[in-house]
Amino acid sequence: MFEALLVMAGIALVLGAVLGFASVRFKVQGDPLVDKIDAILPQTQCGQCGFPGCRPYANAIADGEADINQCPPGGDEGVRKLADLLGREYKPLNEEHGVEKPKAVAMIDEQTCIGCTLCIQACPVDAIVGAAKQMHTVVASECTGCELCVAPCPVDCITMEPLPETVQNWKWKYPTIPIGKAA
Amino acid sequence: MLQKLFKFHGGVKPDSRKQDSTRQPIRSLPLPSELIVPLHQSIGGTPRPLVRVGDRVLKGERIGAAEGPVSAAVHAPSSGIVRAIEDRTMPHPSGLPASCVVIEADGDDRWFEREPVPWKSMKGDELRDYLRDAGIVGLGGATFPSHVKLRAGAKPTHTLVLNGAECEPFITCDDMLMRERAAEIIRGAGIMAQMLAVERVLIGIEDNKPDALAAMRAAAADGIEVVAIPTLYPAGGEKQLLRVLTGVEVAAGRRPLEFGLQCFNVGTAYRMARAIDHAEPLISRIVTVAGNVEAPANYEVLVGTPIDALLAAGRPRPDTDRVLMGGPMMGFALPTTAAPVVKATNCVLAGSPSLLPPPPPEMACIRCGTCADHCPVDLQPFELYWFGRSHNFGKAQEYHLFDCIECGCCSYVCPSNIPLVDYFRFTKSEIWARERDKTAADLARERFEARNERQEREKRDKAERLAAKAEATRKKLVDTEPVAGAGTASPAEEAKKALIAAALERAKQQKSSVKPRNTDNLSADKQAEIDEIEARRARAGGRTVEPPENS
Amino acid sequence: MSAEHTAAATSLRSAGVMLAFAVVFTMMMAATYRFARPDIEAAREAAKMKLVDAVLPPERYDNPLLEDTVELGPTPALGLREGGRVYRARHGTDDAALIVEAAAPDGYGGRIDLLVAVGADGRVAGVRATAHSETPGLGDYIDPRKDRNKHSPWIEQFRGRGPEPAGELRLKKDGGELDYRVGATISARAVTGAVARALAWTRAHAAELYAAPAGSHF
Amino acid sequence: MSHSPYLRESRSVRQIMLQVLLALLPGIVAYVWQFGAGVLIQLLLASTAALAAEAAMLRLRRKPLGLYLGDLSAIVTAWLIALSLPPIGPWWMVVLATLCAIVVAKHLYGGLGQNPFNPAMVAFCVMIVAFPAQMSQWPDAGLDFGQQLDLILGGERVLDAITAATPLDALRTGLRAGGAEAHVAEILQGAAFGTVGGRGWEWVVAGFALGGLYLLWQRIISWHLPAAFLLTMALTATLLWGMHPERFASPLLHLATGGTMLAAFFIVTDPVSGSTTPKGKLVFAGGAAFIAYMIRSFGNYPDGIAFAVLLMNICVPLIDMYTQPPVFGHKRGSS
Amino acid sequence: MSSYVFVVLGAVLVNNVVFVRVLGLCPFMGVSKKLETALGMGYATTFVLTLGSGTSYLIDHYLLAPNDLSYLRTLSFIVVIAAIVQLTELIIEKTSPLLHQVLGIYLPLITTNCAVLGVPLLNVAMSHNLLESLLFGFGSSIGFTMALILFAGIRERLEGADVPVPFRGTAIAMITAGLMSLAFMGFAGLDRYQ
Amino acid sequence: MDRQITREILFNGLWKQNPGLVQLLGLCPILAISTNVINAVSLGLATILVMILANLGVAALRNFIPYEVRIPVFILIIASLVTVVDLAFNAWLHGLYLVLGIFIPLIVTNCIVLARVEAFAAKNDVVHSTLDGLAQGAGLLAVLAVLGAMREILGSGTLFSGIDLLIDGAEPLSLFGAHYPGFLLAILPPGAFFALGLLIALRNWLEGRAAARRHARGTLAPAAEAGAA
């Protein structure tokens, strides 16, 4: 009995000391996981996931505070990638956060625009150019299609236009009905 | 001198079926009433239109100017009036429309004023600009602007190869061109050879074209060697041909120029000669009409001619169920025959269920390796297929998906009838799409972060300035307090009020001077886009916003 | 400075907690051990005795035979490469039986460890395979627990056999009397051979074995 | 709509499988001649079971029945199973083996072309692990067809009279029983072992080799696999035989016995579960031969080919990954 | 000498921890979806298992056995292994950030790999000496790593397979593991040859 | 105690988050010990006991355990409990003790025990934690029992062989008579993998069918998560 206590106490003491020490000394470190998650997110910065931007959502996923199926722009494939990265089960997109939509860009009706700059302030990626009391325009190649500019516009001159398919961005379709991935 | 020939791995030997369309000389086609000239006819930038609706143009007049370093001009194929600049269905597997200049031919076919080209006295860049403006692009299939390929590389170029292999079944446009116009091809080759300062010129022709070989041998000048190469599809692929003739293997993603080689199609050489000697821009080409037609033959066709018109000349048989542009190995079914002939059109092939039978049902891959045995670039097509199927795009790239030249040999031999090339095309375009998304995401992240940082900075600055201001105001108030001491309010209260007033004033000022700061640090083309937007805004008429250019 | 400081403090604290837990739970285990120990030892004894019972009926002896042993060194005749043990069963003052550890080196799957009981009459009292790696389902019928024939397991055939008449300890296939399972002769042959050798050796050394002091080396 | 190429010229999967079946015929004829016609019953049983299982699985998985059933791959698997099981095994054994192969090893993985393990060898391994007794009963010479049929259909098994060991089993048995004293030569003398490989086996082996050469000539299999398999087997056997001729059988025996030839030309050549790159094929077949030899000579099973093939099947993804042939332009010395 | 070879050979092939001894299956199923992660897990396990085998031998031989404390084996072994895991993490984090990136996420998972406790316990049961314990630990972990890597290779390939729906994912992986285990039965007896 | 939560915890352990079929934890004992029902159930009961006690202990003590040493402390607690169980088997069920071998001590590293302690007991109160231990253990036990029965019936055609280790003189059931050849593979490790694979597939199939039915009815699955999630 006494030896038992001695042995175990010794082991426990050493172990406890080492672990306590280690936990303090080696605590702070950037979380590389967040970067990996962030790299998967589409960077639309739309906030549909319930976080102010993609990176905060990435942080939340890494901390286990958010599920992996909250980003509609990332779509089904995004969820799959996240599931893969985190070794979790895939689950369909949570519809509470919205549904996957075809890519679109914002377009400002330049006739109606009154130059209030509200959309500029709303755009998370500075894709709108223009100055106060001047007509505003969206730089289409920079617009992520997040729709954040649509609501603030006081004269409703912003619409989302789906990206048209052109000879340049046309994609070859999957050859036949996929047998494997159909389900 | 006997040329030592090399071999490439794999390849297939489909029945060549070239006899029918080589029985008659190259014919010409009556002038169509409407010519549809797509602006985008070469790899690279889409030419900028130089004409407006209603303009009158002459044959050979430039109607689209090259845009960017890799691009080539387009020209009016005949004289007439520009009726529209609008989207028309392209001869492209997508069947999507793209911007075209539609010219109503006036029937005069009056040439634009041509001046002889003093090419010997021109500097290299000048001459290349001339070729660009003459719209000379590779006629071997890729329509790569030829002037780009005629710039000497870092290493001296020692060998120019002319590609007269024409390995696809049915197609005979190069064959006929070589039989009938060998002298001008040799002439073009000479010009190219001079521009590249090469030591020798090799012309590779498959040995199933004895007439063309003879004609070319007869016309060949000194330093130009006409070589018969074994008939084996795809010997006409640039890399395969270079391998056969020189033994050099040009890896995917690398240019022949890096190995001191350059390769052009014989048709390209011919157009080159025409452009220099006759100042004739690329407005027509030889097109084979073959397959399920009564009168297979080659035609010299104006670019922009509706394929309908060309096909009608060949008199398709009633059981024709589809029309291909290009050969049966690499061509594609035209979404509509109303699409125009373009510079890339080498063949219009009418198909019937017996001539081009519908594919048997696709079965599972049994990993037999036959496809790998026949792949001319030593790929493992079944692995690529497997990765494409499982959407494992990273692995597909690791296994050199992008080395695939889409020659179709693998699909041709697969015992399970798997449309392997389709899987590769699908995989490739998915990867490209993903890459586009990725760049867009990276850009968005960068801009988002920049904006956040800027807002932080502004907030901080503002807070600092406010603090400083408040301090100053308070000082001032404190200083002036004794003087204004007779007021009803207590000095402290007064100070506060002043402070608020000052802050309000500042805020007001700030607000009215708000100027979006997101226009700092713009790249050149971003700036260009913005400029364009500004210009449009100035015009205030145009209301459409162009979709972003993706290529 | 604070990092070092907190590190030390945290180390101390966690060491303390660990210590506390360790002490409490070790005490719990130790107590259980104390409590269960007699039963554990009894159970161990019982397990051993079960095996002995299988080769020698308990009514044939009355001594604590697990303590009445002789240690053997490497004995090729018994197939023992590293030594083994002999248990001596006595009834009153009479010698009752010797229980010998032996091994058959030539089983299909390698060595087969055996326990062979040899009665004072010089005949086999019982045999058990204690460890073997014969093919499951084929050669493992030498273990009565695996033998499909539950009512007269193969290994029970040895009971009462001796060296004479000839053929008592040989397979039918080899001209003897013992049954075997077709398709798995090797296992049977290996066990039979080892039993015959063990019997011969034991008979030859019976007197010395009975006489040797308990626990002594032979 | 389909895309280019619009031309196709190929042997269909069905034709390939048909040719494999054809190539098996000489070996089967020799087999019947030497061991009696019992094996024909087994072939029939296996084929029927295979087709039935394949049809049932296709139906369950809602695949076009006619298309896939006609590819004959199930028959190839069935025949290989029938040829590797003892010809007088009870009927349920060959049926169960075929079901294992088709249902578990093939269709659970998605059917033709997707199974990582060789179905026939899976079946063999399952059987030898589950029913070692039945799996080691080979007919003695002199059993006529009626007797064989009776045995297959469940006749009373007085096994002593009917079974004889295959050369490898006898070798293994002899070595185990006699320990180090027994000499290979003596063991082999004891049984009526024919001139080379064992009673009659050399004819069967020659038949399979003939069929294999036909497949080689037809370019259905590449030389890498049989060559690597036979060479490795011969080399390993020669090496050990050279060191201890009294303990190990001669290379000739190893080549001309058991499933060696069948394996070299018909089993390691299974395109689906084998390696696909040229170098990979060498590694795959060589590895299989080496492991098979080791199991034969040192392990618990009389023949290790089936286990060896499965073990190498496990390694195939990695072998393929590390033996990718250089791609056009990426070869050494060509840049 | 050769007996040591057989210890390793036996542990790697004949009595493979995963396929024959049926230990360490949770990580075997859990981190074998990708080759990359399988490798990382394999390295980490090899390190900890080898070291753990040696340390456990020392503890058992010098601390527990002389004091008749064999009932503390389970506890002391697992606690020591947990400590080794923590220390390893600490050390490689400090000395090789690269290695830490590779192994970091796997190390904590090792404590619940029952092979790391099972192998030391088997060492005691098989009364191995120190060297044998180390070799057995090393061999077992190599066997584990090998199994993991080969399994990952097959699973990667299975990704594109048209597996019947109920079997997709873990079910077919389990069947595959069964077939691998079947194949490994072929090695039976190879460690016994003299 | 809330009925709803109770039901959820039980449902999770037995079906939705079943350790053996879904979480794939605790696989080694499941596969190694399920050669017959008696072994399987005995080990399952031992595991349940440990799980309940471990969850209970940790939930009760969780406020005293500093974060940085929580894992070692959990392990300490679990290992002690396992040792106690081990000693008990040794003393009072010695026959079983010999059969189960190292798998009793291996309950310590049975991933499911630590996983539940960390994921549930460390965050929930004593009552729910105990229940969770019971539910998860029962899930494990269920899988073990089914697997054990499958393998024993197929492999040797009996049921409850080895019952004499528990009840002296009790006889196992023989199902197919003495002539059943026995599908040996089922008892060997490959058989264990196959059997579990089939069980998982069966569960997937049932789930798939249920989902299809829900879909047909147009109702979505009640998205109820366990208290732990």
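What to note about this one:
Per-chain numbering from 1; labels A, B, C, D, E and F assigned in written order.
Keep this in mind: contacts are C-beta pairs under 8 Å (C-beta built on N, C-alpha and C of every residue); 3 or more make two chains touch, one makes a residue touch a chain.
If you're wondering where the values come from, they're calculated on a predicted model, not measured in any experiment.
Among the remaining chains, those touching chain B as well as chain F are A, D, E.
Steps from chain A to chain F, minimised over paths through touching chains, total 1. Nearest to the overall CA centre, using the mean of each chain's CA atoms, is chain E.
Note on interfaces D-E and C-D: more C-beta pairs are in contact across D-E. Centroid distances from chain A, each centroid being the mean of CA atoms, peak for C.
Of all chains, B has its CA centroid at the greatest distance from the CA centroid of chain F.
Chain C and chain F have centres, each the mean of its CA atoms, that are 34 Å apart. For the pair chain A and chain E, the distance between mean C-alpha positions equals 38 Å. Between chain B and chain D the centroid-to-centroid distance comes to 54 Å (mean Cα coordinates, whole Å). In chain A, the residues that reach two or more other chains under the touch definition are 4, 8, 11-12, 14-16, 18-20, 22-24, 175, 180.
Residues of chain B in contact with two or more other chains: 93, 364, 389-390, 419, 422, 425.
Residues of chain F in contact with at least two other chains: 66, 68-69, 72, 76, 79-80, 83, 87, 184-185, 188, 190, 194.
Taken in their complex, chain B has these residues touching chain E: 364, 386-387, 389-390, 392. In the complex of the two chains, the chain C residues touching chain F come out as 10, 13-14, 17-18, 21-22, 25-26, 28-29, 32-33, 36-37, 39-40, 43-44, 46-47, 136-137, 148-149.
Those residues of chain C that touch chain A in the shared complex are 3, 6-8, 10-19, 21-23, 25-27, 29-30, 34. Considering their complex, residues 60-61, 104-105, 107-111, 114, 116-117, 122, 125-126, 129, 291, 294-295, 298-301, 304, 306-308, 310-311, 313-318, 321 of chain D touch chain E. On chain D, the positions that touch chain C within their shared complex are 130-134, 136-137, 159-160, 163, 173, 176-179, 300.
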